[in-house]
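Each of the next two complexes has subunit A plus one other chain: subunit B in the first, subunit C in the second.
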Partner chain A sequence: MQHRRFVLLGLGGVIALIVAMTLVGLDQNLTYYLYPTEAVDRRAEFPDGERFRLAGIVVEGTLQRGEIHRFEVSDGGATIPVRLHNNPPPLFDEGVPVLLDGSWSGAVFDASEALIRHSENYEIPDRGGTGPGS
Partner chain B sequence: MTRARAFLGIAALALAVGLWMAMTAPPDALQGVFSRIINVHVPSLWLAFLAFAVTAIGSVMWLWSKRPRWDRLAMASAEVGVLFTAIGLVTGMIWGQRVWGTAWDWGDPRLTTTAVMFFVYLGYLALRGAIDDPVVRARRSAILGAVAVVQVPLVYFSVYMFRTLHQIPSIRPDGSTMPREMLMAMLVNVAAFTILYVALVMARMEVAAAEESASDAEAMAGAVVRPPRLSEVGDV
Partner chain C sequence: MLSLLGTLGLLSALLGSVLLTWRGWLAATGHTDRGLAPAARLVLAGAAVAMGAMQLALITDDFSLAYVANHHASTTPFPFNVATAWAALEGSIILWGLVLAGFTWMMLRRHSRSPDRLGAAALAVMGAVAVFFFALMLTVANPFEVCTEAIANGCAASSPWPFAAVQAPLEGRGPNPLLQNHLLMAIHPPMLYLGYVGMTVPFAYAIGALALGLPGVDWLRRSHRSTVVAWSFLTVGIVLGGWWAYEVLSWGGYWAWDPVENASLMPWLVATAFLHSALVQRRRGMLQAWNFVLVISVFALTILGTFLTRSGTIQSVHSFTQSAIGPVLLGFLLVVVVGSFALFSARAHLVGSTPRIDHLVSREGSFLANNLLLTLYAFVVLTGTTYPLVVEAFSGARVGVGAPFFNRLAVPLSFALLLMMGLGPVLPWRLAPPRLLWLRTRGPAVIALAAGLLTALTVTRIGWVILTVVLGVFVLACSSGVLAEQARRQPGRHEGRLRATLEVIRSDRGFWGGQLSHAGVVLVALGIAFAANLGAHAEAVMSPGDTVVFAGHTFIYESPFQRSAPGKSTSGARLTVTEDGSFRATLEPSANYFGADPTGVSTPDALHLPGGDIYVTMLRLDAAGVTLVFDTSPLIWLIWLGGGVVAGGGAIAMTGRRAGTMAPARQTADV
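== the complex of A and B ==
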């Protein structure tokens, strides 16, 4: 009887721990990424070279591909110039939401990696729709 | 023909229709043909959620009634659920590698909670494998099965509760963000996978029932019926 109670408590404790860790840990200091407006607001928390992730949409008309890709990301609020030092995934383009891994370097964000943050929207070519980059 | 076989036949037909619809649905403007994998990825994980919910129901019903059938249901459903969680994870990784640019990202809450759920239910199966006594086995798995189901809403709502890389659902109660043709293909596949789920659980329960009555018969008839095991025979 005693033993079973321990097992039950242990099991319940483990599950509760998993849920708690997920809810708390993922939300606070381990923030997955920042939007440009937040990144600018919290500039002091992230000195040059301190890595974090930046999520935004590649601003139309700002993309220059090359050895180092240059573009701007925005969330409708702040706009941040980016230097991307590796090749992005195939779907990378203007108007596409991206997740960048890197750090501040003055007023520019130096990114080592870009992922595409695909939205929930689907669209048939030449038909229009809700758009892939919402 | 057993009921399970009949359902498997219907499931095969439904899956064939689903496959045809998936392959003839238009590709996405951004993703191209890679969008079609959603017709396996989403139905698989829907099936996993359903399966783990049924495991929870079976677990609670066993705890209440102690009838072995509920325990068999919980077990069979968990097995199918684990299989389809794996299929969902793999198809997700294939898609992610192409669209996101990475097959996995440990920072993403949807991915991590799904992975944890997978391992917890794998643990459920391992737990069952480790206990010989059927009543003790049923009781301990029932407790785990009833508690672990909390992960299902956690996984599903993670994309709303946290910042994620994984997008929110494209099919929601308030509407969908998919063109009609893609939506139809997806819904047909969800239905086909549901029939498949029923068929697989039925088949697994039939096997489990047969195994149990075989071992019961052994116990009743005594050692006379059982052929001697090599370890028991001395010098032949």
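== the complex of A and C ==
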């Protein structure tokens, strides 16, 4: 019976460890989603290098393609200049709603990844995709 | 007209559900056992009429229905017009109701053959669940509202009253572009719903058993077949969802821990745990209380999944009050959880005192470990899926939990599950003497390590892949070992090894069906490991005539092309693929634009090869040329095949022993 108690203790330990890892992992992997207006308002909370996701529309006439893609995103309120250091997703263009993953660098948003936001429930996400509908 | 027909169908189904609940409860409490069959037939007929009315409206482009106006267009081709019936909330609930009515009718047929109180009580619970869903369709999620204010493409205002003054638009909005891009989208939701809704059956038997104070093994035995059927469909539904994502969404992946995906995975994980723990109760009388907890959780998770995916909650917690459907589903979820567990604790004294487990190193011990892992897995997914909602509800911040969170926990849990899948079948019930364990795992372990070594020498040195190969081969070898051992002991072995093996399988289809499902899981695991770790990637900007060599194939960019069909325009790049100078295929990665939606949908094209896919996506097409992305997904087809094998195992298990004819002391793999 000593043996069983030992095993049960081990099992309890494994459960506790996984629950703890879950809760700690949550906080580390939490990403904030902000619109340009919010990002500007809450600039102090997100210092340079602090990652968050910026959602907005690529402003017409601002897209300059190149090694680094430069454009502006807006939500109708604030407009933020963006540098995208990666390939844009398929069909990325001016006027398209995007979600950018990156951080502030002065007055510019440095994005490491961009994805197009589709309407309704079905989004094409970054390297992770969307799921089965319904 | 169709609005009236559909509404009458829903009303009949609602009436039938109320009658079924009432008559079922009367029969269960020992009163007259009459009126159940007409009630169940009325539910099924009403649901079928409603679905028929919706299909007719879609096929005849009847834009006087608001649902049709907002989700269908006259240009939507077959089969997507039919599939539009479940492309959005209101329509998909008709499908839900129809499937529920179908399962209820099957339960009724069984009940009619041998009526008893438990069967009647379970039917009453099915009726009660049906009351909720049909009431939902007649109130906050009415698919048959008529359009009273038309706009250019769609409907701005509608009325549930079928005789309201109709103002139908000339053309509808059309379904979501992503949903009319691939045939899989027409099949995947019904499969998923057969799985989701089928989980109501074991729940109904469990609640019936608790309400009547008849816990024990009867409810498990009676619901077993439905549970296996539902679980198999759920498996197929999940895999088809991943396949669809891979074929249609041009990111080359199939799973992203998206809340919509998680909503289908969570009930699957807990239902898988339930299938195993139910076996322990049927064989050894243990885990009685645990089985009630699991089966209630499975049902609650299907409702939670519907709530998450259908209430707009995922977009933002605050959007969920925009339609009444969110609060109503949340309320139903609370009633289910609180009501079920209250009933469970009220009957806890009747739930048999569990015989204690003799030894942890035994078949039942391995089932305990499997249950622990699967429920922890579900807990991790549940936490990651709902945590952002909690954060937003309390702080107002919109947050997301990334895939790394899920992967970090899911990967070790999956490996542990693989290990247990190998060990479980070789362990005998009650007690596994270390010597026996060693004897049975020795051979498989050697084979598995050899396979790992071979992989390391010839394919890759990536640790995750090798570990997956080792554990996967271990699972297969352990099962095969058990099979071979039993075939040797089969009387009449002189008739030949093959025959003896088939006889062993036939004598215990439940067990061997399960082993086949395990093999399917191994295939899925191998597919995931290879596709995730061994893929190659390249990008190219090409002008017509340019060639690119990738993964042993030459891709020649022939020309851009344009195509237009009603409601859809496509522009893409036509590539010719050759290997060693001979023609292999023509690929057309493209961008599709639907209706007036300015955001295009990128549609990849893939060359399917035995070694895996070469997947080509068009990033951009302009005057400078076409920007293409090339990816390989080694052995990715193992995932789709494996999913089918898992479900096939369920199908074999289901054709096994019928409830009631089961011989409890049957000689099985546990010798």
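Here is the rule we use: the second predicted complex is superposed on the first by the 87 of 134 C-alpha atoms of A that agree within 3 Å, B and C clash if a C-alpha of one lies under 4 Å from a C-alpha of the other, contacts with A are read in each partner's own complex, and residues count from 1 in each chain.
The rule is simple: a contact is a pair of C-beta atoms (placed from the backbone, for glycine too) under 8 Å apart; a residue touches a chain by one contact, two chains touch by 3 or more.
Keep in mind that what you see is a predicted model, and the values were worked out from it rather than measured.
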Taking the superposition as given, does A:R53 touch the first partner, subunit B, the second, subunit C, both, or neither? both
Contact-wise, after the overlay, does A:N86 reach subunit B, subunit C, both or neither (first, second, both, neither)? neither
If you stack the two complexes on chain A, which partner ends up touching A:S112: first (subunit B), second (subunit C), both, or neither? neither
Could you tell me if A:G12 is touching subunit B, subunit C, both of them or neither one (first, second, both, neither)? first
When the two structures are overlaid on chain A, which partner does A:T31 contact: first (subunit B), second (subunit C), both, or neither? both
Residues of subunit A that sit at the subunit B interface in one complex and at the subunit C interface in the other, please. 7, 11, 15, 18-19, 22-23, 26, 30-33, 53, 88-92, 96, 116, 118-122, 124-125, 127, 129-130, 132-133
Contacts from subunit C onto subunit A in the complex sit at residues 86-87, 92, 176-179, 185, 188-189, 192-193, 237-238, 240-242, 244-246, 249-251, 253-262, 264, 309, 314-315, 360, 372, 376, 379-380, 383-384, 387-388, 391, 397-405, 408-409, 413, 539, 591, 597-602, 617-620, 629
Along subunit A, where are the residues that touch subunit B in the complex? 7-8, 11-12, 15, 18-19, 22-23, 26-27, 30-33, 53, 55, 88-92, 96, 99, 113-125, 127, 129-130, 132-133
Help me check something: in the complex, which residues belonging to subunit B touch subunit A? 26-31, 35, 98-102, 105, 107-109, 112-113, 116, 120, 140, 143-144, 147-148, 150-151, 154, 158, 161-165, 167-170, 177-179, 181-182
Quick check on the complex: what are the subunit A residues that touch subunit C? 4, 7, 11, 14-15, 18-19, 21-23, 25-26, 28-34, 53, 87-92, 95-97, 116, 118-122, 124-134
